[in-house]
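After this come two complexes, each holding chain A, first together with chain B and then together with chain C.
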Partner chain A sequence: MKTSKAFKALDIFYIVMMILPFAAGIVLKVLTSPASDDINITGALIYFTIHMPIQDLPITEAQVNSLLVVISVTFICLYLTHGLSVKAHLKRQVAAEWLIESASKLVNGSMGEYFNGFIPFISAILVLSALSSLSSLLGLYAPTSDINVVAGWAILVFILITYYRFKCGPLHYMKSFTEPIALMTPMNIISEIATPISMSFRHYGNILSGSVISVLIAAALQGLSSKILGWLPGFLGQFPFLRIGLPAILSLYFDVFSGVLQAYIFAMLTMSYVSSAFAADEYQMRRLRKEQKKLQKQVLANK
Partner chain B sequence: MLEIAIAIILGCCGLGAGIAMVAGIGPGIGEGNAVAKACEAIGRQPESKGDVTTTMLMGCAVAETTGLYALVIAILLIFVAPGRFVNILMNIVG
Partner chain C sequence: MQTLDVISVNIWQIVISLLNLLLMFLILKHFLFKPVKKMMDKRREELENQYKAAEDAESIAQKDRELWEIKLAHADAEADEIRSQAVTDAKYRSGKIIAEAKDKAGSIMRQAEVNAELEMQKAQAGIKDEIVSVSTALTEKMLGREINTDDHRGLIESFIGDLGDDYD
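== the complex of A and B ==
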């Protein structure tokens, strides 16, 4: 099947828009970060501050980068779903179908049929988190190594958990805190609050520790190579030869493996917390009872 | 006098960060046990390798949390706490 010129032009536009956010992020980073040869382990750069009545709102590198990732993911989705047809003739449609199928298999396998509506949410978390962590490969500040970004996601998950606990009525929600015995209530409340904290700390701590260790090792190798190879004349003496190689292997673990694994774990924990918060049997029983009451009322009214 | 006080603050923050990271022992032992058991399970039933691996990775990630709490405290002690403590000292001295 022949593709028209407009179709191809739109394709190229989508591909450019996929790459452009990351390029813009790199340009912003190069323009704004202060030049220095020292080790600098700092938090996210603050681009500018919006003055608010109660507290100033700083717009940081992490927020900007996470929005750039969101834009890029949007255009990846648009590209993958461009030109869909019943009989797939484009390779990207096969890829998109495979992605959707594996996401729905993952969610159905660990949450059950009732939570089918969660497939888009879980896949969004997976892609966003993985791409955010992987953006550190391009030299950008990974948004997931800032606790504010990850805490936002964790609070979202906490709201979902509370919503599904409330589905069986407020009384059942209160009762669920006194679960084994009434003495355990404070413990249960603490563990409820600890859920978002531990989720956000786990994700951000893993990514941040990876970047801190990478910076430390790179700096140590630079110092070592200037000690050992410093006698070489001119430019060769200043060039950190020992920095070639080892940081790349470490980055393979800390950036690629750890980032993707943390995204997977965040999604898995979201699924297991939400599905365990929902008492499916209780909910079914309540629904049945309600319907029976309705029927009885109808029968009485008809009489 | 002030220099000595600031030096004590910086040194104690560094020491505290080092001591906090002793907590890394716990997750190390725990994850080692988990991986050992997973290896045994795979050895006994090689066909269940995929399930065992994903479950093990989940468990490892959950067990790692205490170590990461320690890491966060150590990072706070190194990068955030000294400035705060020196500010408090300056406010007291005036």
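== the complex of A and C ==
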């Protein structure tokens, strides 16, 4: 299959646009981050602040980086769906189909056929969370180590949970808190409110703690290096040789594994919370009852 | 440049992040899921159409086969009938021919018999005449005179006639 020049040019444009956001992020980081040898565990850098009602909005690294991830993923999508055909002669189409199939399998497996509309949403959580966490591999500030970013996602999930609880009517919503016994009501309310908090803190804490540990270990290794190898002359004495090796291996766990795992956990929790919030049987009964009432009304009206 | 505290909650940042996730969802839905799903559905449709076409062709072929099998079976029966017809025909004809031949042979034989009888009678009559004339001539010579041929002839004929009758 020969591709035209325009097709190739567009392909190259997409690939460049996939990488460009991260490259821009790295450049921005290099330009703005203060050079210091001290260990400082802080939040994201504030680029500038917008005055808003209630609270000022600081535009930080986390905000910018998460937007960069969104832009990059947009172009990945455009690249994957570029040149789709029925015969699937491009490898990227096979990859795209595989991604969609596996996402569908994951969502259908844990939520059921009713929640088929959730497949893109769960994929969005997975992609955004995983790529945000993995962006720390490029030296960027991982957006997921900012509580606000993850809290936004968790609140969106909480809204969805409440929406599906409300689907069977406000009465059923109220009643669902008194189960299994009325005594449990305060507990149930607390656990309901705790859901988004626990979700956001779990995700944010895991990623942040990973980077904190990485920084601490790196600093410790640097100190150890200067203690043990400080007698070497000149530059060799200052170079932290012990920092070679171990931080890379730890990063493999704290950045790659932990980042992907937290994305998966966040998605799984979203699926299980939303699907368990929705009482499918009750909803069916309600609909049946409503239809029956409608029919009765019609019969009465006809009489 | 300033940095945030490690934990600093900001309402607007939360809202922006929430909208980011929504945006991501919409992007994935419109730029990845929709086109790929469409293509997959199209492919499935095409495949189903092909299967249907193949099944149609198969059913047509099956029908044709059944038709030809029936026709073949009929042909066998027809051939049998034709053969038996031919055999009976041939038998009938051969019988007829033989009978005709027999008839003809019989008539020829009869004709021959009749002819032979006639010849014999003729021959007998000829011989009788000859004997009569010879014996008349003989007696004339012997007696030296002419005799009444007619009288003698009558005599001899009756005599020979008796003889002939004896021999018969």
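One rule holds in what follows: the second predicted complex is superposed on the first by the 296 of 303 C-alpha atoms of A that agree within 3 Å, B and C clash if a C-alpha of one lies under 4 Å from a C-alpha of the other, contacts with A are read in each partner's own complex, and residues count from 1 in each chain.
What we mean here is this: a contact is a pair of C-beta atoms (placed from the backbone, for glycine too) under 8 Å apart; a residue touches a chain by one contact, two chains touch by 3 or more.
Note that the structure is a prediction, hence the values are computed from the model and not measured.
J.: Tell me which partner touches more residues of chain A in the superposed arrangement, chain B or chain C.
T.: C
J.: Thinking of the overlay built on chain A, is A:Met174 touched by chain B (first), by chain C (second), by both, or by neither?
T.: A:Met174: touches no partner chain.
J.: Considering only the touch criterion stated at the top, classify A:Arg202 as touching first (chain B), second (chain C), both, or neither.
T.: Touch status of A:Arg202: first partner only.
J.: Quick check on the superposed pair: does A:Leu156 touch chain B, chain C, both, or neither? Answer first, second, both or neither.
T.: In the superposition, A:Leu156 contacts chain C only.
J.: Give one of first, second, both or neither to describe whether A:Leu261 is in contact with chain B, with chain C, with both, or with none.
T.: first
J.: Pick one for A:Leu288: touches chain B only (first), chain C only (second), both, or neither.
T.: Neither chain B nor chain C is touched by A:Leu288.
J.: After the superposition on A, what does A:Leu84 contact: first (chain B), second (chain C), both or neither?
T.: second
J.: Chain A residues touched by both chain B and chain C?
T.: 41-43, 208
J.: Under the stated contact criterion, what part of chain A meets chain C in this complex?
T.: That would be residues 32, 34, 41-47, 52, 54-55, 57-58, 60, 62-63, 66-67, 70, 73-74, 77-78, 80-81, 84-86, 88, 93, 96-97, 99-100, 119-121, 123-125, 127-128, 143, 146-153, 155-156, 208 of chain A.
J.: What does chain A use to touch chain B in their complex?
T.: 41-43, 198, 201-202, 205-206, 208-209, 212, 261-262, 264-265, 268-269
J.: Given the complex with chain A, which residues does chain B contribute to the contact?
T.: For chain B paired with chain A, touching residues are 57-58, 61-62, 64-65, 68-69, 71-72, 75, 79.
J.: Show me the residue ranges of chain C that touch chain A in the complex, using the header's touch definition.
T.: 1-25, 27-29, 31-33, 35-37, 39-40, 42-43, 46
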